[in-house]
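Think of it as A, B, C and D in the order they're written, each chain with its own count starting at 1.
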């Protein structure tokens, strides 16, 4: 059997949904970061798949994906650094703890 | 003397007002008083000269084939509502009545000025506080009245109506430190102002149709050819009556306010809170006759509107009776005199109203008799009413009270005053040969010609007049011995106060013989008058009956009056309380206007309207408090808003696009 | 630049220079501050009088253009916004009035404390806006100066006011700014319909009126926007409620300037922009606002009858009188409109006089409640007489300004052929009685009668500066009342364009 | 490869040079002379700001991924001015004890973010745009966390970085849809591809894209991070966030919407923006009413201001674009003046709430005066610049001429009344309220003074001097190609 476009798209969309769901539900900031990664990766899959199936002529999507991966890595690095700082001061990484500023 | 110099008759008092008001306050009181009197004397002489020139002088265009013309000596465009038409001019119109009024006003005013020198001082002759202000206001009052009578157009007349109102406000409220004077002045101003409102509306309607204010343009020379605009407007009707009828009725209401016709009379009795000479001025010569003068001035229009005429007639006749009835029981001499004034003014009004203008002969008399009689009565009444009030002033000055219970038997103490007062009473009661007899006789004749009912009614009122005047006279000067309290007993007042009495008394004796019919008629033409014996006799008889009744009841102290009073208790108290008119007004003004309208409106403004705008603010605040939960501070809440927002945006747009 | 060859611009420059001069003075140097302020105010009065003479001369020498002294300098070229100046009779008398009030206001706030320097700074910023509004004929600049004149009110009331001042100041500012929000939308709408298809859009009022390109259905939107926008400042029912609180809390000079000049901006704008540019909608919708203004005439008078605070009484009487201004403007004939301008003059001077006197009385008795005062005529005759004169002017005594204005309005309004308007006029005339009632009530309670409070016996009468400021106003009131034709001749012909525009769409 | 095309981007190059200079100074200078770094960076950047006013040649570079024209040039200059003021004001703060150790990083990161914004402005390919966006937002996260000692700073940073990544993920998702539909990421190519019938997927993509940029602009409902981050971040960073990044995002937003989706989808995104503007202005104002912390207060005020800026975007015409850029310039001056005052006072006394400002006029009249000018300008009171920018942006919006836009303008105008209310609250605190324990009088550093003076001059002059707006509108009207497809 050969794989069709949808066979890639649907899982990636599911990944994206899982990422959003995880972001909204998980309490641990690290877990939230992971779900963010899920979302970004599903985007990458989209780009690659679109490029591969629909527009095989150029490689715009591929390149974009490369950059996207790099950006995602950078984001994760910054986020981790900040989370560590928060941990230093708040002594935990529970997302519900950092609600000092509100209203 | 050239008639064009009439302007000075007005200029001098006005200048006196400014001078005394601005400079005078810095000067010693006596001097200001003297200056005021001198100024008024000059004015009087000048006015006499003008009147003489107008009536008897060499022809300056005022006579053409036996008919006195209306002469406009000055005309200054003061305020032009439209570039061309509807212009308010300040001018001077000389015709019989205005010339006559010049004489009346200046005479009485001069008497009052002179008299006040003494009256406004204590017994050592030191003028009291506010002397300068007093004379300034007197000058202003005189000026306004003079300006009123010489008005060339109805709007100028309105202007001076206002001026008269305000100067009376100032004079009645002269003792502003005392609450009664304060209230009385306020009342006088507001009531007359209310009347002036109708006057204004009348003017608006009239000018809307005639497109002019000018008397001569509206009524034509000597009121003979009324302009077509008016006559054509008579065709138009508004709510059943012709628009001109409405206009004239409204204008009459304006006059009624000044002339204290029922039910707008209530300010006049209170006006006595001012100094007595001021009351003399107001009652005799100035304010109260303004209304009569207004109707007389517009007589040619009124005769074309019988409806309006009938209204005036009814109001006048009723007022005459009402005032007389009230006057019968008053114990305050000034109030009694005030009501007698109202009654007499009502005489004039009625007489105007019963008069007719078309040329046909009625009962051997020419048309316009009532008009002439009314003017005649105005003239004579001014004289003897001024006399009566000045006497009253002298008495009050002597005994320091208005109540006749404090007086009694003053005859032997102040004989001159007593005699003068007696002359005044005889005059007003209509006993020949005193002035009142002639004028009142003419009025009665005119009334009888209108209809026997009117005649009888007015004769009855004349009888009542005689009764209450002599009642007052007896109660002041006889009835019982005067008990003297205090060391100095009452005596005749200094010359400044007695001379006016004597002069006025003399005038009251002879004024009746003035050939008024030749001088003052509605169209300037001569008017044949001859004594109508039956009417004259009847009226004299009634007067005598009234006097006799008074003599019987009040000559010597006796229980009869109290018996009668207790017999007709309700009637007596009702009349004593002036039939509760003041209470009625109190109720209307305070309970209805203030409590019923103003308070609710103020509340509505503060609560509803203001509240609404405050509500807007509060709603905004509470809204901002209500949505604060959105900013919960938790990142997950934020992103859920974010994703929901994004998805909703897409979904709604998609649905809209797909469906439409 | 040719703009500086036009004398009108100096009505803006002089206040600005005064501002600069004040900025240079020391906070403590009260004499220097007063000197600068008085110099500026005097210069303004002199210039205003010269302007009147110039105007009369121009008219006499046959200059029949709608506006004289017209200059137009491009400001924002891409939007075709110009700094366009020009005056007609109405603006001339308005400028004269403003100059007088500013002059009197400076003297009325002679002993202003604290922070006199800042007070005069805001004071002259306000007058800058006022004069700029009257001299400009460009929608944008008019609107800009309009708001320049509004905002200083907040601090003038908030800092130097009394009573519940912060609330009043905020309310006043927000309501007036709310009005100007509608106004801004209206102006934008007018701008985009200012010229027929293909021609460049313009903000110049005269050009817009000449193009007469605003579609009728757009006039239906834009006329209410602009009229209400200005009507708020004109204290039109039911948008008048800022006026009582604002006036009650404001310091004397500010009340004078606000009631004397600022409320006139409303009436002026109503006729200059709302009616002049959108005559069709004015004819169609006029009756609505006519009813509202008619209400505010009687309503204000009645509410004034039961107030006990002197300033509230005058605030409500201002509602009544300014209602009469808008009422007359909506009558659409020359006489009534002339009367409206006369009423603006009269009300400006008279109310300024009132507030000046109230301020002086308040400064002595430290109360404005008429129930706590009485018999002041015995104690301070000068102020008492001044108050009586102001009262007479307000209730329309002949010889003072009020009478002339009201009579012109009534006669002009009644001349209207439309029965509805005539009946409304009759209803409006009743205000002269109610006015008399509340004026005499105040005079009777405040000045007449026995002295209520024995402490008041020690008080003094007006001093020199107070006499100057009041005498100026009394004189002006008397002059208008005695020689109305002088002003009418200046004003009347300025209404020819607007009346023609109104009649052309009938 | 043709290196001459680097000449297309002189401003970027200059900025990199500045960055390098600062970096070298930071790295190789002896540590005792590092105190001079902030001033050095400021001066160098100032010189760069002046030089970058030299006109650049129009044209595309790097395979039409990068465009430089008058508009981008002007926009970058506007940002430079704002950046310069921020740097000027931050000199004293950067030398304070907490941050002194990392002052170098502060300046380097700031310059980097500015570079990212340049890319956002000039990018004509979504790759460049996304890179610019991330370059502009990621360093900001670290800058937000700059106050090492303060917990709020880190909480703010955490919120910022998480939400930022989330939003960029959403936006990238949208981009992937766009790519899947069109097969290209060039603005012009997309525009030419998507004419024709409306596809649902593209609408979703559009919504996601708007949400992504709206996040940077803090439009409701993508705004919720704003208040917390503004409050927690160092005041300098807050002011930077509130004006510079907003301005660049607004410009890029305009370009994307008009140039990419202008052809067929203009009604759609105009409708979306319509809804967003209404709730943005309203919600921002409603929140701002109740704020007592001035930084938070200005955060919400800046949200509603973003709504007004969007009025320029929705107009989608030359006047609107000019008005938007003009508005951003005025907004930079006004907001930086306000933040400057707040920063000075915070640095001296650590007080940031409205009640602390009671009676400020008595003690520090000049600071109070500048703050009042800023508030009036933000509230749109003449004769200050804010009035003109508001009027022009309304004018630009209303030029589209349909009644719906008039209603929108009316809503915005009514909201200005609410905004005026809370701006006046600050004025009231400073001028009217009295407080015996008011902030004592103090003298601020000359750099801060200089910054405030520049802002004051800007507030007063920009409106009265018409040449700036005239120039901007001249620039935008020259962009015929851009508006050709609307």
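Simple rule for what comes next: contacts are C-beta pairs under 8 Å (C-beta built on N, C-alpha and C of every residue); 3 or more make two chains touch, one makes a residue touch a chain.
Since the model is a prediction, treat every value here as computed from it, not as a measurement.
Contact count check for A-D and C-D (C-beta pairs in contact): higher for A-D.
At the far end from subunit C, in terms of centres built from Cα atoms, lies A.
One simple way to say how far apart two chains are is to compare their mean CA positions; for subunit A and subunit D this gives 27 Å.
Between subunit A and subunit C, the centres computed from C-alpha atoms are 65 Å apart.
As a whole-number value, the distance joining the C-alpha centres of subunit C and subunit D reads 42 Å. With centres defined as mean CA coordinates, subunit D is found 78 Å away from subunit B.
Residue positions of subunit D touching 2 or more other chains, listed in rising order: 158-159, 162, 166, 170, 227-228, 290.
Chain contacts: subunit C has residues 174 touching two or more partner chains. Contacts with at least two other chains are made by residues 628, 631, 633, 635, 639, 643 of subunit B.
Every pair of chains meeting the contact definition is listed here: A-B, A-D, B-C, B-D, C-D. Considering their complex, residues 77-83, 86, 155, 159-160, 162-163, 166, 169, 173, 176-179, 182-183, 186, 189-190, 193-194, 196-197, 200-201, 204-205, 207-208, 593-594, 597-599, 601-602, 605, 609-610, 612-613, 617 of subunit B touch subunit C.
Across the interface of their complex, subunit B is touched by residues 20, 23-25, 32, 95-96, 98-103 of subunit A.
The touching residues of subunit C, counted against subunit B in their complex, run 171, 174-175, 238, 241, 244, 299, 302-303, 305-307, 334-335, 375, 377-378, 392, 395-399, 403-404, 407-408, 410-412, 414-415, 422, 425-426, 429-430, 432-433, 436-437, 440-441, 444, 447-450, 484-485, 488, 492.
Looking at the complex, you find that subunit C touches subunit D at residues 75-79, 140, 144-145, 147-148, 151, 154-155, 158-159, 165-166, 169-170, 173-174, 177-178, 181-182, 184-185, 188-189, 191-192, 221. Those residues of subunit D that touch subunit A in the complex are listed here as 126-127, 130-131, 134, 138, 141-142, 145, 148, 151-152, 154-159, 161-162, 164-166, 168-170, 172-173, 175-177, 179-180, 183-185, 227-228, 231-232, 290, 296.
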